[in-house]
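There are two complexes below, and they share subunit A, which is joined by subunit B in the first and by subunit C in the second.
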Partner chain A sequence: MRRSVVPAIGLLVAALAVAALPALAPLYYVTLMLPFMAYGVILLGLNLLFGYTGLVSFGHALFIGIGAYTGAVLTTHYGIRHMELILPIAALAAAVVAAPVGALCARYVKIYFGMLTLAFGMVFYTFLLKFYRLTGGDEGMRMLRPSLFGHDWAGLSKTAYLVGPYYYFSLAVLALATVVMWRIVRSPFGLCLRTIRDNPLKAESLGVSVPWPRWYAFMISAIYAAVGGALLAPPTGNVDPTLAYWTHSGNIVFMVLLGGFSSFFGPLLGAFVFIFLQDTVMSVFPYWRLVFGAMLAGIVLFAPGGLMGLVTRRPHGEAAGA
Partner chain B sequence: MTANLVGILMGGLFHAAILFLVAAGLQVVFGVQKIFNLACGSFYALGAYTGAAVVGYFTGHGGPSALFIAPLALGGLAVGLVGLVVERGLLRFVYDRDETFQLLLTFALVLMLEDLIRMTWGTAPVSTGGLYLGYGQARILGATVPVYNLIVIAASLVIALGLGWLLTRTAFGRIMRASADNREMAEALGVDMRRVYARVFTLGSMLGTLGGALVIPATAAMSEMGIELIVEAFAVVVIGGLGSMRGAFVGALVVGVLRSVAIAVYPELEMLLIYLIVIAVLLWRPRGLFGAAPA
Partner chain C sequence: MILEARDVRKLYGPFVALDGVSLAIREGEFVSIIGPNGAGKSTLINVLTGTLAPSAGTVRVRDRDIAGSGPGALARLGMARSFQLVQIFPELTVLETLQAAVISRLGRGARLFASLRGDRHVQAEAQDVAALFGLADKAHVRARALPQGDKKLLDVASAFALKPEIILLDEPTSGVSTADKHGIMEILVGAAKRMGLRAIIQVEHDMDIVFGYSDRVIALHQGRVLADATPTAIRDDPRVVDAVIGRKSPAARGSR
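The block that comes next holds the complex of A and B.
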């Protein structure tokens, strides 16, 4: 009983702190929360594949790109400015692409799964880069300010818009995404994924179908990535092909590992620490990749459970959120 | 028409020659150590910058510009020894870990090396100036081809033959193939796996840095060149088959020449075509053209 009360209170305090942040923290840090919340959504989805299903995708940025470009195309070409409409369309676009891609990738595990996802990601990246008339090539496209909660907020300056309505909209999406994912991983389906991860042969002999749950997990994580990708675009007002590049895929796996892939909230912690630490490092030392590369090496060598693994001290490999 | 065709083909062959070196480095490491080394591209970039620096020093100190290829290749090979440091300092600690962690450790290397290169050489492109055409141009069936390109293609072929000789005719090659087939058995028969791994990884990184050094007179070094090339080398090894040296050779030819043709015919297709082939190969023949049965 006590074990479950303490984290619940902690979570409530964290949620209240995040909600009150725009009133308390300097504007700059409030704007840094926006990429954190977008990546939070992406990583919750990615960890369903990585942590819970045991599949490491090196092409997941493909779906971030789909989400971000969907938002850009809808706002600039079709005059659809409602974020409440953009997010479902982005999710649908990701699902349409992920259905065949996932069906092909789910047949493979380990390095072959990673390679196949990497190849699909690079196909999309080169498409974005080379088909200039459709995608704007390496310059990308503009993402116009979306309207939120039925208002276009035209009277607000960009910063006021971002730290006001957009902040709370992102927070609402992240909260919803967290609750839905919590339900998913605790459902029989979530258990099924972990069974397949730990012992696919035994799962199969017990009558658990192996490829289908993998495909569902792939679809869900793709949809999460697209929703998060669409959330990433408005703060910068621009989308470009690097969103879909393979190093971006690597970086989001890094974020999950940093927070801890065997914990439900690890990815959120990873996104938070990554965004804020990157900002801090870059303000004193321009070569953040050197610092982060060393950090990643350190995590791989000494703390494969990530930050959450250091705190919770649970046996490695056991999903703490389960 | 023929002149155009030969020009396209020779451009593709030059690119294939460089790709083969990097992909061969990827293959020896994957074949023996079962690690997909993402940092292969970073070694390539490191070789390129070092090659440019060494050649700059050489010609700046009165070295005859006609001989620049010697310090270039030596510099490229020498900086490949960084592989030994990486293997002893980092990789050897993760051999018994899940391949996800091995992959992510090489990704950490990619991040670190990219910024180390930026710190050392800055962000502006670095080149060797006009040395490239110093060896003159050859006319082949009406097409003009820089002699330097022909030298690199020939060098790459010699290295390919040398690697074949190393793998099939020498004691170390037999040990490498035995370790690739069955590590436990090789160890049980008295093979010191630590030395094999250290040597194999160093060989792999030297192939990458040499490839980078040889490409540099024809282009300019940029800090992103490593992360761009690794995905091409990835395409090469998938098409050819993971871990197979013959696969690296054929895969490099396919990717190099197809890319060159695509750029000439329909530039938008360039790498898109290559990645579509990669997907097709992974789906219909995961072992590639020459690979062993999939793990």
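The block that comes next holds the complex of A and C.
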């Protein structure tokens, strides 16, 4: 009993702190929370595939790109400014692409799955880069300020808009995404994903279909990536092809590893630490990738459970939430 | 007839693994399949469980041809199996493993937002099977942390949680210490009775286990059925003794 109460209190405190942050912290740090919340949504989805299904995608930036570009196209070309509309359309666009891509990729595992997702990601990146008239090529497109909660917030300066309504909108989306994912991983479907991850042969002998749950997980994670991608765009006001580049896919895998893929909240912690650490390291040391590379090696070698694994180390063999 | 194989042949290129095997399993039977290495036992189990399609011949479960239909379809037809090399879900707890089987049987695997914890039916069934196999006190232990004997039991228990009519056990006591073997078999047979299984088929090397628990023994040799009889008759069949069981050396006989 005590074991489930302590994390619940920790979570509540964290949520309250995040909600109170704009009133307490310097503006700069508040703006850093925006990419954290967007990546939080992306990583919750990525980890359904990575941690719960055992499939490592190296092409998930594809869906981040779809989400971000959907927002840019809708606001600039179609005059659709409601974020409440943009997010579902971004999700739909990702689902339309993920359905065939996922059907193909879910037939493979391990490095073959990773390479296939990477290939699809590169195809999309090239499309963004070369179809200049549609996508703006390497310059990308503008993402106009979306309206939130039914207001256009035209009276607010950009910063006031971002640390005010946009901050709370992002927080609401992240909270909703977290609750939905929490339910998914604790559902019968979530258990089936874990059986497939651990031992597909055994899962099949118990009558669990193997390809379908993999495909569903791929679809859900693509939708999460697109929603997060659409959230990434407004703070910068611009989308460009690097959002869909493979190094971006690599970054989000790194965030999951950093936080710990075997825990539900690990990826959220990973996103938080990555963003704040990147900001700190970049400001004192130009070769921040060097530092992050060394960190990645260190995690893989010494802390495969990521930061969350260090915090919640359990007695051998005992299960979480038991 | 609950399970029937007729003239089953299985070729791997030029190699004939099964050369016209026919067998029939009746309701209530515990049948052991024995044979030396390479006799075709594992191939036969794989054909009977639909994992492999036979090159020729038919396999019928309750008068339905199941040849090569795949393990998933077979589970839905009331047939379950365990494996020679123990197959578990390393990161899942004992209870979660059993829940997965129950969910699969009830067709609830596609429920995306339902609470697993809140599903009392699934919880209760998984608990019952855990208790039946003596795993209740380890319900929350991850499978990878279990001792080898318990891993074997969990593999079998998860097959039982499918509430099958027929179960095929591929060497249920292999890799387990001699001391644990009978314990595992007692639990297994007891569980089968309590759960109302209609037939058990096992492949087994340990003749103590074979003769101690079987109603009937089928001896395979070079891909053919060498003998199909009661344990007593099998023990006295010189062909089976020569090909499968082996004769005790005079010295060993003298020491008894």
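Just so we're on the same page, the second predicted complex is superposed on the first by the 313 of 322 C-alpha atoms of A that agree within 3 Å, B and C clash if a C-alpha of one lies under 4 Å from a C-alpha of the other, contacts with A are read in each partner's own complex, and residues count from 1 in each chain.
Keep in mind that, in the parts below, a residue touches a chain if its C-beta (ideal position, glycine included) is under 8 Å from a C-beta of that chain, and two chains touch if they have at least 3 such contacts.
These numbers come from a predicted model, not from an experiment.
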Determine, under the contact definition given at the top, whether A:Met122 touches first (subunit B), second (subunit C), both, or neither.
first
Looking at the overlay, does A:Trp246 come into contact with subunit B only (first), subunit C only (second), both, or neither?
first
Examine A:Tyr29 and indicate which partner it touches, taking first as subunit B and second as subunit C; both and neither are also allowed.
neither
Between subunit B (first) and subunit C (second), which, if any, makes contact with A:Phe276: first, second, both or neither?
neither
For A:Trp182, is the partner it touches subunit B (first), subunit C (second), both, or none of the two (neither)?
neither
Shared subunit A contacts, counted only where both subunit B and subunit C touch the same residue
none
Which residues of subunit A touch subunit C in their complex?
180, 183-184, 186-192, 194-195, 197-199, 201-209, 212-213, 216, 262, 316-319, 322
As the complex stands, subunit B meets subunit A at residues 36, 38, 90, 93-94, 97, 99-101, 103-105, 107-116, 118-119, 227, 231, 234-235, 238, 242, 267-272, 275-276, 278-279, 282-283, 286, 294-295
Which stretch or stretches of subunit C touch subunit A in the complex?
49, 70-72, 75-76, 80-81, 83, 87-93, 96-97, 99-101, 103-105, 108-117, 119, 122, 140-142, 144-146, 155, 158-159, 162
List of subunit A residues in touch with subunit B within their complex
56, 58, 104, 108, 110-112, 114-116, 118-120, 122-123, 126-127, 130-131, 246-247, 250, 253-254, 257, 287-290, 292-294, 296-297, 300-301, 304
